[in-house]
Amino acid sequence: MFGYSMAEIGNIMVMQGFAGLSMFSVLLLMALGLAIIFGQMGVINMAHGEFMTIGAYTTVMLSKLAVAYGFVNYYFIFAIIVAFVLAFAIGYLVEFTLIRHLYKRPLDTLLATWGLSLVMQQIFRSSFGAKEVSAELPEWLLGSFQPTPDIDIPINGVFVMGLAAVVTFGVFLFMFRSQWGLRVRATVQNRVMAGAVGINTKKVDRVTFALGCGIAGVAGAAFTTIASTGPTTGTLYIVDSFMVVVFGGAASLFGTIASAFGIAQAQSILQFFMTSSMGKVATLLTIVGILMMRPEGLFASKVRK
Amino acid sequence: MSNTDFILAIEDLTVSFDGFKAVDKLNLYVDKNELRVVIGPNGAGKTTVLDLICGKTKSTSGSIKFKNKELTKLAEHEIVRAGVGRKFQTPSIYENLTVYQNLEVSYPRGRSVWGSLLFKRSDDVMTQVYKVAEEILLKDFLDMEAALLSHGQKQWLEIGMLLMQEPELLMLDEPVAGMSAKERDQTAELLNRICQNRSVIVIEHDMEFVKKIAHKVTVLHQGKILAEGSMDKVQADEKVIEVYLGH
Amino acid sequence: MKTLSDKLLGGKQGVLGLALLALLIMVILPLGLDIFRLNLVGKYLTYAFVALSLVLLWGNGGILSLGQGMFFGLGGYCMAMFLKLEASDPISTKIQTTPGIPDFMDWNQLTAIPWFWEPFKSLPLTILAILIVPTIFAYIIGFAMFKRRVGGVYFAIITQAIALILSILIVGQQGFTGGVNGITDLKTMLGWDIRTDSAKYILYYVNAILLFGCIFLSRYILTSKFGMLLLAMRDKEERVRFSGYDVSDFKIFTFCVAAMISAIGGAMFTLQVGFMSPSFVGIVPSIEMVIFAAVGGRMSLIGAVYGTLLVNYGKTVFSETYPELWLFLMGGLFIAVVMFFPDGLAGIYQKHARKIPFLKRWVAEEKQKQTDAHASHGKASTTLGAEA
C-alpha cells in the first residue's frame, strides 16, 4: 500500500493519529462552544471563529509580556483563563447588542454574525497587523517523548488534549449537573414555561451565548500551541466546526465529541496519503454525503415533534 | 385485512416514541357521512391519531385504510390527494396572503410544479372560492390579509381551505378553541352542514359543543379506546367517569 | 384576470420600475461612462444574476443558499474552458512540451486534454453545459436535501460546505482547472476578439438583455400560482404539504432555476472580464452575493440589481482609497441591513413611494379594481345560489 511496509504504516497511523488528536482537541473546543450556542439556542454564530482568534491573540500578547518580565514558564495557565474571560465578556456584549434582537430569525442571525466576523477580522488586522504571530511557549510544552524510536509524540499535543478533556468535562458538569444548566435546558425546551416559573430567560440566553464564546476563547489559547495566529485564523475552522456540530447531532454532547474525533482523524490520516487539500475534500465530501442520508446527524434520538 | 364499507378503518395501530406507546393497538372505524368526535384526557393520544392518519407521524405497526386504500405507506401530499383533509390545533393559515389567496392556493388544481406555473384563475376557481367563503362567513373579508382576522375567523378560514379540496374525510383538531359562544354556535352549524356529504372526525374538549354535533363519540385513554357510542351512553360509562374525575 | 403582459410587467408600478432600470442600464450608464468603467458595471451586473436568484430562493422561498457562488463559478468555468481551448491552438502554444493544450496543463505535465474538457471544443455544447451542468448539480443537492426535509440553517451550512469543497477541489486540481490562478488569457470566441472595445460594448448589451430576460422569467414565476405557493411555503410549510402539494418538488425547482440564473451570470462574467478563478466559487463570494440581494431588498427583483450595483460601487470606491474602511463598512452593512432595513432599498422605496401623488393614485386604482372584481363576481354567485 503506497509503497510503505506494514510496520511503517502502523507508525504513520500512530503519529498522524496523534497529530490528528491536537486538531481534534482544538476542533472539539470550537465545536463545544458552537454546540451550546447552536444546539441549545438555535443561533448560528458565524463569528465563532473570531472568538477563537480573540483567545489566540490574548495568549500571544500575554506571552510577549511573559517574555519581557521573565515568567514564560507560568503564564500559559493564566492565559487560558484570561482568554476565556475576555471572549466571554465580548460574547456577552454581542448578545446584548445584536443577537437578542434576532432570535426569531435564524437566517438573519447568520448574516449579521458574518458581518460581525468581517468587522472583527479588520479590527485584528488593524491592531496586530496582517502578519501571523506566534506565542512563546513555555519550556515544559516543548519537545516530545518517544515510546519507541520510530514514534514521536509532541508534548503540546498531549497538553491540548488534556485541556480539551477538562473543558468538556466542565461543560458536562455545567449543563447536566448544575442549577444553571438545568435553567438553560428548561429554557430551551419551553421558553414560556421557564419564564413562568421564574427563570430569567433573557439572562440565560446571554450567559449561554457568552459561555459558548468563552470556550471558543479557550480553543484559541489551545490553538497557539500548534500553529501561529493571524487575523483570519478563525475562518479556517468555522466550516469544520459547524460540520462537527451538525454531523454529531446538534444537541448531543457525546455526538459532538465523537464527530470531532472522527473528522479530525479522517483529515489527519487522509492528508498523509493524499495531498492536504484532497484529504480535506474527501473528509468534507463524506460528511456531506452522510448528512444527506441522515440529516438529523449521527446521534439524534427519535422524538415527537 | 379484507375490504370494508367503512370510509376509514384503523386496525392494530401502534406508534412508540423511544419505547413510550402513544397509540397502542388501536382499532377505529368511521362510516361514510358520519361525524365522529374523539374525546379523552390530555395525553390520551388524540392528536397523535390524527397525525398518523394524515401521515405526519409514521406508525410503528398496524394499518390505516381509507376507502380500502392503505395510507401508512403514503407521503403526506398523497394522503391529501386521496381525499383526507386535516386542520391543525392552532390555526395554520398563510398570514401574509389575503383570504382570497388563502382559499385559492388550496384549490386542488395546479398541484405539480408545472401545473402551478401554468395555473390560470378561471371562473370555476373563483366560483368555488366564493362558495366556500360564503359557507365560512368570510365573504366580506376576501381582500383582507389573513393576519388581520380574529382568532375564530382564522379557524374558519382553515376549515374553508380544507373545503376547497372537497375532501371525503375531514379531520378537525379542536376547531372551536378560542372562540366566543356565538362563534361556537356558528361553527356547530357549519359542521352539521358540511358533514352532509363527507365524513368528519373532530377532536374536542368542549362537551356542550360535542353534544351539538356528535353522531358518535370515541373516548381515548392512554392510546387505547376506553368507550365508544352515543354521547349519552359514553357519559354514563363508569370507566369514562373514572378517567375524567380520577379516583 | 391577469394577462401575460400584466404578469411580466407587474402593472403600472412595475412598468415604471423596469423602465427606469432599463433607462439606467441601457442608456444613461453607456453614455455617461468610458468603456473601462462600463466594463466594470458589466462585471457588477453579472453578480446581479446571482442576487436575482437569491431573491427567488431566499427572499420569496425562505431558502438561504450560501453556495450560489459555485453555480456562478460553474457557469463561468464552462465558458472559460471553451475560450481557453480556442486560445490554446497548436500555433500559439508551440513553445510548450505538448502544443495544443492549455498552458497550465502543460505546466502540470499533462500531455492530453482530459475527457471532461472535450465537449468544450464546441460552442453549442458549451452553452448547453452552462445551462445544464449547474442545474443538474443543483438538482442533485436539492433532491438529497429537500426530499429529506433539510432546510433553514442546515441547508445554509451544507451549501456553504459544498461551496468550500468545490473551491478546494478547483484549487487542488491545478492540472485540470488552472488551480488558484484560474483560467486566464482568454482571447477570442469563434475568432471574435472579446478584448476589443467594440466587443466589450456588445457583450455589455448582451449581458443587460440576458439580465432583463432573467428578471422577466423570475417575475413570471413569482406572479404565478407557483410564486404564491413559494410564499405560503416560506411561512407555513406544513400547511402547504397538507393541502396536497409535494413541497420538496417546488423547492428543488426553485433551487435549479436559481442555479441556472447564477450560471448565466458566471458565463457572462468570463466573457466580459476575460478570466475565471476559484475566488468566485468559495464561501466568501457566495455570502457576499447574499448581501447584494439583502441591500436591494430580498423580496424585490429590481432591488437586487440596484443593490448589487450600489454595494459594488461602494466596494470599488472604498477599496481604492481606504481598503481598511471597506471591511468595516461591509461588515456593518450586513448587520445594519438585517437589524434595521430587512426589506432593503425596495422597502425604503415602498415606504416613501406612497407619498408621490401619481403612484399613490395607481396603487389605489389597482386595489379598487380587485375589490370590484370580487364584489361583482360574488354577487353573481349569490344570485345563482338564490335561484337554485
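Each chain gets a letter, A, B and C, in the order it is written, and its residues are counted from 1.
Keep this in mind: contacts are C-beta pairs under 8 Å (C-beta built on N, C-alpha and C of every residue); 3 or more make two chains touch, one makes a residue touch a chain.
Here is each chain with its UniProt name: A = Urea ABC transporter, permease protein UrtB.
Remember, it's a predicted structure, so these values are computed and weren't measured experimentally.
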In terms of Cα-based centroids, which chain occupies the most central position?
C
Work out the mean Cα position per chain and let me know which chain is farthest from subunit A.
B
Expressed in whole Å, how far the mean CA point of subunit A lies from that of subunit C is 34
For subunit A paired with subunit B, centre-to-centre distance based on mean C-alpha positions, whole Å:
48
Need the CA-centroid distance for the pair subunit B / subunit C, whole Å please.
42
Which residues belonging to subunit C are in contact with no fewer than two other chains?
none
For subunit A, residues that touch 2 or more chains besides their own:
none
Seen from subunit C, its contact residues with subunit A in the complex are 58, 62, 64, 144-145, 148-150, 152-154, 156-158, 160-162, 164-165, 168-169, 171-172, 283, 287, 290-291, 294, 324, 327-328, 330-335, 337-339, 342
Residues of subunit B touching subunit C in their complex?
54, 56, 75-77, 80-81, 85-86, 88, 92-97, 100-101, 104-106, 108, 110-113, 116-121, 126-127, 130-131, 133-134, 139, 142-143, 161, 165
Subunit C contacts subunit B in the complex at 1-2, 220-221, 224-226, 228-229, 231-232, 235-236, 238-247, 249-250, 253, 367, 370-371, 374, 377-378, 381-382, 385
Provide the residue numbers of subunit A that touch subunit C in the complex, in ascending order.
38, 42, 44, 98, 101-102, 105-112, 114-122, 125-126, 235, 239, 242-243, 246, 275, 277-278, 280-281, 284-285, 287-288, 291-292, 295
